[in-house]
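Just below sit the structures, each encoded as structure tokens.
Shared between the two complexes below is chain A, which pairs with chain B and chain C, respectively.
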Partner chain A sequence: MFTGITRALCLLATLLFASCDNDPHPKPLVERGRDGGPPLVRYTYQSEAPRSLDPQEAYDQMSRRVLEPVYDCLLEYHPFKTDPYELIPCMLEAMPERHASADGPVTYLCRLKKGIFFHDDPCFPGGKGREVTAADVRYSWQRIADPKTECPVLSSLWDYVTGLKDAYELTQKNGGKFDYAAPFTALEVVDSHTFKVHLLKPYPQIIYWMAMHFTCPVAREAVEFYDGEKHDGKRRERFKWHPVGTGPFRYVHELSDHDNNFRLVRNERYITTKFPTDGWSPKREAVCRPLAGKQLPILDEVQIRILRETIPAWLLTKQGYLDSFGVSKDAYSSAVTATHELTPELLARGVTLEKDVEVSTFYTSINMDDPLLGKNKKLRQALACAFDAATENEIFFNGVREVAQQIIPPGIAGYRKDYRNPMGFNLARAQQLISEAGYPGGMDPKTGRSLEITMDTSASGADERLLTEFEQKCLEKLGIKVTVIENTFAKKIEKEDKGNFQLSSGTGWGADYPDPENFFMLFYSKNMPPEGKNISRYKNPEFDSLYEKMSTMDDGPDRLAISHKLVDMLNDDCPIFLTNHKAFFSLVQPWAPRTHNNMMLEGGVKYLCLDPTLREKKRAEWNH
Partner chain B sequence: MIAYIFRRLLYAIPTVFGVMLITFILFFVWGSRETMAKAQLGQRARPTEVRNWLHEHGYDKPLIINAAWADSTYHHAEQPWWDSIFIQQIKNFTVFELGESDFNREPIGEKIRSGMIPSLLITAPAMFVGLFLAVALALVQVFYRASALDTGMTVACAVLMSIVPMAYIISAQNLMAVTLKWFPAFGFDLQGWGTIRFLMLPVTVMGVIYLGSDVRLYRSIFLEEIAQDYIRTAQAKGVNARGVLFKHVLKNGAISLITLVVAHLPLLIMGSLLIENFFGIPGLGGLVVNALQKQDFAIVRAAVFIGSLLYLFGLLLTDICYAVADPRIRLS
Partner chain C sequence: MADQSIISKLNQCFEQPSVQNSIVVLGLVIIGSVIWLGSKNEQWRIAFRRFRHDRIGIFAGVVISIYLLIGALEVIRIPTKEGQSESLLKLIINIPQERSYSAPFAKLQLGQESEFAAAQSSGDPMKIQSAERYRVVGTHILGTNALGNDTLVETLRACKTALLLGGVTSVIYIVLGTLFGLAAGYFRRWVDDVITYVYSTLASIPQILLLVAMLLVWGKGLFSIALALGITMWVDLCRLIRGETMRQAERTYVIAARALGQSTWNILIRHLLPNVMHLVLIKFVLGFSGIVLAEAILSYLGVGSPIGTPSWGVMIDGARNEFSREPLVWWNLTAATTALFGLVLSLNLLGDALRRAFDPKRS
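Presenting the complex of A and B:
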């Protein structure tokens, strides 16, 4: 009997091992590529699941990464022109035409490209996606004002777009049911493919909103069909989990689950955009030149995995099962040398290293309403000069981030590459400034003891604690005593909203759109919390007046001069002290070279390319 | 027996109520609702958005009862006194209406149902294979007690117990997925027999993580048993070593094992927080870790509720099994 059992176990083990390999990916949905060769399937990952795939609702980066390939926007960022960032038409035939009237209101005339279709889906008659019209754009803008949609940017837009606030308030008054048949003054449909956007006052930044998915067209049929209710005994998904877009990739909801993986396949009817014919950097010439003018997307399928831990992502990258990898702290020493180059092992594999700088700035906010700090400019300047951002960058971020010299991050008009913050790190100056502030050697003459300041953080892990401790030690070099108050993230926000802090560490801003106005508004006195984001509670009439002026101006030398002036004012007044612009390294596999590094795109998947033959060869080499 | 079970079920009601009350205090009384909303909406959310979010999620009601003296901020005069968050939650949980996720408004009941199978596919084999191995090794140790083999195995168990679970996970992924290339380092695909290749690595790791402590514990149980008088009597009557070990020590020691094992059986559904997260298993453990990371308290509350019910069920099951396995025990 034992012999029989042993044989059976051996057979089972043999079968099991014979069927086993270490490839974690499911079989591609697409069997052949456009040219009849192997399909071009990209394997990518992100650290968190999306919150929603409804373009009018989703705001977080993880949702945008899945949404971007599925929904095209009216405009889009040129993939290669990033200094400064540049907008180009996507669903529109051309850039919107602006018509300003003498008394203030502004109108943007927009024309949709013809022949753009929604993805095929059961919500349409016969399951065939219909052509996109101006009425669809109107419907999606109405959805922004519909309280049920919970559009997070509604209150940012209603100050500028005609009738958005009225539509929202009327709906609230009428018990929350939005009347889609009622007149809607924000967007006027001129004909099937032409519409006008009406603004209350000049707001050149509106074109950036047209490059965000909040304003992209959605099909009313899809929103109403996917209502999450039971029909004929079967529950339909909600629209937020069943995107029906117009973009280069179709979302395969049968093979996607909302928490762990997402499958996208090429939209066969996509004709909206082509690969640009110029603008790439010389180092990408060999990759981009053969793709110039080609119909997008280049890939046939994209598989997105949610990998919440970085260790498995690093292992899969080493095995060749991920096409690129954002170098994490765990993997840093195995992937990158002290001189910021690839390790010899990865170099030998043909892997390349890319550095991306996010359009963001981090800083510590100083409460200008605080009786001690708000009234003592020299004291604020002393704190700013005492903080050693470069050493912090070296110790905690391996020197990868960029030390911030100005509130505007790289890539935005007004950013000066060679500019140096006059209140940057200089300990001797800091000590002199604190004396001039009335606290020589950091001593408070009234008490005879060290001046005491509190610093709020949301430190939750060991790394964050060390980071805060570093900041504390930097400031204490002035002879003052800095008490760190640790809060939960939510509690810190609450304190910032109420102005219940002296210093608030680890604050920052990531650009909604690449315009300096999006950063200067953080210091506009009419933008106070909790409605606004002027956490420092900075009030400066001169700053306000220049901000108001530049926020309605078009880009040009005059606006640039104002931007520079505002940066100088902030650096001199020190309502914050700057730390860094977030940056990170990515490993790129030899078969999936980068075509762009545009940080305003959420991956720019439609521009990505792939060599499946090389991937197979390399995977075989690395795994056998 | 039936009366005992009925009584135990009645006892469960105040226990579960207590768990729900403590959970409620932790989430709603110690933390502000506005900050809870901002944790979901992000730092940039404006008060209007926060108010909308609270309304949509039913968090704009008074905490305990709807009375102006109890909560003037959220009091709704037009609603009855029982229109409060706590009473609503008790009502919903009583009929197993677990609500929607704070993070993305997906139905929690569906998420829990879909997470049970992947969790069980990991925890059940890991537990049963681990139990079989641990009992076998413990019996070997007892058989060769006070020998060099026993000492060596005790040291090995101590070593196994001293290694942190993360080290097992990372080493196993490196060894079995990267070096030996047997199994995927990550992932899960419910596709019949093909699923097995995704299970081998996490099941092995989970089994090994608890092996050291289990062998030590079972060895102690069996050693206690082997020192009993009836074993000496059996040996004196000429029962061979194998007979003593399997017929007497294992059988009687199993009564103690039952109390340890059965109590944990229902909790297998809840999965393993660490293993699921590191191996990408879409089970309930991963769901809870993910919810904690995203401050999705609706899921955490539901998981605590389900977990407490399962735990109480496990304890009841243990008592029943104990009575069935040992005729000397009477439940009263």
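Presenting the complex of A and C:
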């Protein structure tokens, strides 16, 4: 009896003491770091779960964040060169060699690095990952064309890459079963590590696609094993939840749960990339110098949690359990002061503040097919001049975002830092323009009443509704009447596709790749919705011909001049009016300093480093 | 698709000042005629006499009249410039607009005090010049909201939305409820079966879900809300009237009327309707507060009043973000809740007072 009570008490005490440690993370898988010390484990979070971890299918940011450490691409972005962004080889030995023929078709010759292995996985014989060959690249490009994969960028690529459309259409005709043994003209395997990519016409942007996950090699064994073509009677998760990559980190399927947490451990056999030996920004010298030339990745393990609410993430950050935190609205005033500096409390903790400007532009589209707005350039200009983007930024985004002066966001060749939009906010000018447009004081002389314009939005939540109201009030300063039509998101997209609107508020574009062409195509007349993204239905032969010219040109002064010309044309013609480039603040813990702030990378985890001893010390200090 | 466009057209129509003006005039006419007709009815006259001694009832009535007056001031629009108009309320209380939030009686915009002070002490004329925009132009008793509008004015303007919505919804559900209630109670048999079946079905669906579903299908707009509320609210009234009609139809004056060969229509309108009308009046007053609350709840859920409509629900919804700000923005929530509370409480008190006045057991 007595022993029973003692035992129970002991158990209770153990439980009590166990609960004293409030570390919310599971124990690291790696017990010792490479130098024998404590393992370097990064704890990070994201607000939504990925939709798919199949590199040929995943398109959303949340999926790409988990995919990036697991799958390496053929090329990658240089972590430090962000103005403008620059590509470097990753799985390839060197940048692809271009061979153009006189009559149009272009070929890129690519060589894979030797000695890159897939991660160890039961799908391979003996569970050991085999070496990556050119045939794997061909297989993954075939998957792009396979209708079953539902690759979201197929239609963007098939205009340029030979044979993708044919392969897709042939499969559709044959009942949807893709024949992987059939000849495939897009990608030609030369030898085990060499392949050629064939293009229909010059398309320099193809190299950016080689830095995206859609084109990265996957193992045929893995797809067939997990997607059930070779069943051994056991229940298995699909390939899209069972990534088998070549990247710096291996996905630990047994411990991950694709709704809540992801566990990644260092790939022991990784040889593909090393930390660059120079190029980092001077302020990161102390962090980056000791890492120069080191084999990547630096970290031993990465744990990604899904935290859908921002308050838990903020609290975990304050306790030292997360290594980086994107400052949310709830936390803004306790983290950042009015002058965009850290609060003294955080400064004393050694936390640093980083500002990231996304490669994106937000704007309001004007329907050029609308009989009123499409034909009246002065009226469009008046609307553009009436919108006060700077005040909007100050009231709604704490002044963190950047007021957009041009469709091209910062970091892309052609972005001019000191450029000012001639149709930027200027109310006096706007009023002048609207009278020149034939509506003095916003009055329609035909009816004797205010000019009426409708604005479509899909605002949800109090913040977005206020934002729309702000825009409405700005435009109404012209004396016109703006009626806001609220739609569900799907309904707004449908209206944009059909061209059934006058103004469409809150449209935006995030760069697929850092090339101005990716933004100018939004106004190319052959890019009409629903297939294309020219929501404004902008048709301008001069713009089209310049766009066509620049889209196949190589970077250089001539191309830059065309880019500037196109920006000027858009700002003058106003098929949209610009709002801002999205930006946000991040808090970085003292033990996990940033080495880069490259926004084309989804975190660039392999370049990050960590000081576990400092973390232990700070955590003890903050949680005493 | 077809009815969707009809409803969105009606919604747009509802936004027109002229339509709103005629609704107000119509509302006043209806209230006036009900009181005038009621004064000829013996039962109503006794009730009015009793009501005059009910202090709480009178007080509630006065408060409601103030709300009505403010709402009417907001509805009436006066042309200012050629082709443009402004509501009378805004013309009377002419308070300048600020850039964004400012606290009650503040001299500077919320959260910009330190920046303003820094600019002042820097001595740089350029900085002082640019910091001038943080100064608050007018005096705001209850501060300003995110867009710099005076909170007090916004709160008063929201009376209009509440009253218009309450009025239009009441017309819809009172007509439906009275007609169906009278028909079910008088004709009985299959008419009663059908109506009872319909309202039982409606009553079994959770009201808020039904409202949200209807609003998602029809799209946002004041008329959508009025219609949706009208469709869900007639059930209670119909039940009451059906019961009362059944009771009255058994009474001798109805039997006498039938024996004298009066037409069914005459019996229903001349004899039965006046004798169930007090139920309508009580239900109208009590139901009104329900409508005002429902609008606030729907706005809070994001399917209520359209963007740009002053509404207490929208103000309360916005407070979700305002409460996570530092410094806290409390004045919008406080103003909206107080105004909502005042109207709903007065309506309930008036409703109770009317019920007491009409109660036959008290005589």
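Rule of thumb we're sticking to: the second predicted complex is superposed on the first by the 598 of 624 C-alpha atoms of A that agree within 3 Å, B and C clash if a C-alpha of one lies under 4 Å from a C-alpha of the other, contacts with A are read in each partner's own complex, and residues count from 1 in each chain.
Assume a contact is a pair of C-beta atoms (placed from the backbone, for glycine too) under 8 Å apart; a residue touches a chain by one contact, two chains touch by 3 or more.
Fair warning: this is a prediction, and the values are worked out from it, not measured in the lab.
Asker: Could you tell me whether chain B and chain C fit or clash when both sit on chain A in the superposition?
Answerer: After superposition on chain A, chain B vs chain C: fit, no clash.
Asker: Kindly classify A:269 by the partners it touches after superposition: chain B alone (first), chain C alone (second), both, or neither?
Answerer: neither
Asker: Touching A:473 in the superposition: chain B (first), chain C (second), both, neither?
Answerer: The second partner, chain C, only.
Asker: Considering only touches as defined above, state whether A:155 meets chain B (first), chain C (second), both or neither.
Answerer: first
Asker: Check whether A:378 is in contact with chain B, with chain C, with both or with neither, and answer first, second, both or neither.
Answerer: In the superposed model, A:378 contacts neither chain B nor chain C.
Asker: Which partner chains sit in contact with A:395 here, chain B, chain C, both or neither? Use first/second/both/neither.
Answerer: A:395: touches chain C, not chain B.
Asker: Is A:494 in contact with chain B, with chain C, with both, or with neither (first, second, both, neither)?
Answerer: first
Asker: Tell me which touches more residues of chain A here: chain C or chain B.
Answerer: Comparing chain B with chain C, the partner touching more chain A residues is B.
Asker: Return first, second, both or neither, reflecting whether A:240 touches chain B, chain C, both chains, or no partner chain.
Answerer: first
Asker: What does the superposition give for the shortest Cα distance from chain B to chain C, in Å?
Answerer: 6
Asker: Identify the overlap between the chain B-contacting and the chain C-contacting residues of chain A.
Answerer: 488
Asker: What part of chain A is in contact with chain C in the complex they form?
Answerer: So the residues of chain A in touch with chain C come to 329-330, 333-334, 337-339, 391, 394-396, 441-444, 447-450, 457, 459-463, 465-466, 468-470, 472-473, 479, 483-484, 486-488.
Asker: Okay, in this complex, where on chain A does chain B touch?
Answerer: It is residues 16-17, 19-26, 48-52, 59-60, 147, 150, 152, 154-155, 238, 240-241, 257-260, 305-309, 311-312, 315-316, 318-319, 488-491, 493-494, 530-531, 533, 623-624 of chain A that touch chain B.
Asker: Note which residues of chain B are touching chain A in the complex, please.
Answerer: So the residues of chain B in touch with chain A come to 31-32, 34-36, 38-39, 41-49, 52-53, 56, 103-106, 111, 114, 170, 173-174, 177-178, 181-189, 191, 193-194, 196-198, 200, 277-280, 282, 286-287, 289-290, 293-295.
Asker: In their complex, what parts of chain C are in touch with chain A?
Answerer: Answer in residue numbers: 12, 15, 81-84, 99-100, 111-112, 114-115, 118, 146-147, 216, 219-220, 302, 306-308, 314, 317-318, 320-321, 324-327.
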